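All remarks here apply to the structure that follows.
To keep things simple, chains are lettered A, B, C, D, E and F as they appear, and every chain counts its residues starting from 1.
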């Protein structure tokens, strides 16, 4: 039926990224197959204290993703659905690693749909390679001196090492 | 950054549709916000005996969706990922009503990704209005003479009534 | 504040009872602490073929419960909520043995509430002694010749033995 | 068989109520269909710091429920089963919003039954309208400036706004 | 503290093996690290009709495992705990692929412990490579003509192909 | 086939033991049926603040287990798989009380297997008597003045009472 001219479709991928893992990156690349632009949005949550500062998180994400076409890295404050609306995003992407994620994510999806019915929340199954990989578990491994090289890009591994030896 | 010219993005929504419910229709409309075309594909599963024949399922879906822009109704045999590949679909859409769906769907997603890494499986949370609505539960209600008018379009309600009184 | 005159409060406890187990009986006795009358209702489900006939199920239940004050044994056809309404029951009682029960029961509760908002569905946690005891598992044990004496009253044990040796 | 004279049956509904939501109120009204009196009991948990003080929680609950026949609002210290015993309650009511609630509630029910076998713990499924509504999620929404008017009575909305703008 | 002389420790690994998969084989090799002998026991369940006959299942298992030291292949009738007792096994091994397995397995473990307190049931997590691989899913794939070479040994692949083309 | 001479098989049972419960002790005795030696290893987690000090935990465990043949009590720092490797343990034992434990344990098992493929993680179902018993729940009970005598040995009960009255 021929090619149509389309508005670009934007998806938002919000997370803490404390720090970004290969699991996150896998999801970003999956999302790029379906959307024209993926906005990687670091939640600037002042109440939740992470290992890395917002600036460090953005620096790592930009260092890793600056060459990837269709990806934009930024931070956001406030409700994720409001940020999605402001961006004109049609979708918010969430990764599911396992059932423990699912319940919480499902309830959040229903609440976010109530707050903003025009943005769809979509769930992607994590790669089986990263099913047990979360930022918090990697930080724990790093603190015990174990290698996290299989789970994060080298840039993040360096940051983690420096951060933990310095703390 | 201006509008770009894009290939149309096709998503596949495969199910048994025995019969189609408002829950299915809600998912189809959600998917249309994110994709250019949604192919509603009735699994022609010869081993699984449903209440309706493939022809009846297609007739109901076409009756309900023929006016909806961007939707195409068809049937398929065999593996869903092969049908997605043949269509050039970038995504397969699955609805999640509750956790009992999740486990099975998650495992199927990992298997399908193994079979065809270029098609992404995405999960959408069902509307809270339809969280307890499944085709099989509606058939049970209809058999007991209860009204299913809140959960299916009138066309499907008619089909259900005729089918069940005739059996 | 003195004693008030009250209508009696009736609760319905519907199940297949194929056969009744100590787990069921435990729930009936718990329910009697909260309600004036508990109607033990055997679902007369023609499509689902059980080991025991409706008559045998009623005979076993009556044999065990005939002395218990506040309990009435009967059968019902059709939707459980309609039977509850006809009885003037304020509650339907369901036992939860474990999480696998919960999902299905939760969805049924939402559907039943939709069908009949004036009857409340309440869940009671099974005794930890019967957490792994279901009618179907006991039938399997009995078929293998194992004793089920810890899980059913003697009357049911006899029925099970005769039934299985005779089949 | 005629009306019998009965002792009043009391049920205890214990929670943090930080703050009370429409989900809680829905459960209280459901419970009133089954019991003569529902005691709404605010846990006075000194170790857990909430947004509202005990006095504020009681003030909100009394403001909303003072006209509701059969409801009494109070606070309690210590074990919930001991409070139930002291009140002569036959049941403790707990709402289940989703499976994540279930596991914890089930284990607590078994422990409470061990501590006090004469009080039954009963679970009610939350309304599908409030399935994703919890006090903690509403506080988070309110902090981000989103409206919570669909999920709490106006009195609670006012308290939340004042509390959060003042903090 | 020096080496001690020990009785050999036997573990039983019971399953349907319809057919054996790489997931099963992975578990058998894990078990061999902990026990002196692993008895691979095919359940001879006459009521459950599988794709393969008991003889075919044993032939495939023997073909694959005949060279593996410490493994013995056999069939059993009746209760698994009775077979374990007869063998003098100290443990029954069960693989867990995901949560959907867990609930059922947990209940079975409690029942089996009741029936035979001297045999311990132990759970091993499946390899992440086989987390979505079950015998029934592989049969479905094979029926659709998809390759199962990544999930079963060549001998089983051949059997599956012949069986399905012949049926 | 006669008795073989075997190396002793060591299993590691790591936990916080804050404090040890009858549930833990039940698992230790189950493990002793399958392994020659069970090393009960108290995690010396400096970041997580428990009720009891490492010294008190070791004192309680030694007091209870000193007479039990085949058990050794010790503490460890760092990753549990490294400690297992250092000990030459073939297995790490984890108890599962319910599904809420399962997800977290399953992910940890996959991660630990990645870190150290030669140590197997095995799960044992808790006794149904202790299914709702955890160290943290017992501490809560003790703080409310409830008896924990059914769930811990007398020595631990004494320690708990002294600790809590003194705090």
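Assorted remarks:
What we mean here is this: a contact is a pair of C-beta atoms (placed from the backbone, for glycine too) under 8 Å apart; a residue touches a chain by one contact, two chains touch by 3 or more.
Computed from a predicted model, the values in this text were never measured in an experiment.
Taking the definition of touch as given, a chain qualifies here only if it contacts chain A and chain F alike; those chains are D, E. Chain D and chain F carry the same sequence, and matching their CA atoms takes a turn of 120 degrees, rounded to a multiple of 5.
At the interface between chain B and chain C, under half of the residue numbers appear on both sides, which makes the contact a different-residue one. One of D-F, A-E or A-B repeats the interface of A-F: more than half of the contact pairs, counted by residue number, are shared by D-F.
If you average the Cα atoms of chain D and of chain E, the two centres end up 48 Å apart. Our note on geometry: chain C versus chain D, Cα centroid distance of 29 Å, whole angstroms. Note on chain placement: the centre of chain B and the centre of chain E lie 36 Å apart, centres being C-alpha means.
The multi-chain contact residues of chain A, meaning those touching 2 or more other chains, are 98-99, 103, 106, 110, 128, 131-132. Pairwise, the chains that make contact are A-B, A-D, A-E, A-F, B-C, B-D, B-E, C-D, C-E, C-F, D-F, E-F. Those residues of chain F whose C-beta lies close enough to touch chain E in the complex are 3-9, 30, 33-36, 90-91, 96, 98-99, 102-103, 106, 109-110, 113, 118, 120-125, 127-128.
By the touch rule above, chain F contacts chain D in their complex via residues 97-100, 131-133, 137, 141, 144-146, 150. Those residues of chain E that touch chain C in the shared complex are 78-79, 82, 103-104, 106-108, 110-111, 114-115. Within the complex, the chain B residues that touch chain D are 98-99, 128-129, 131-132.
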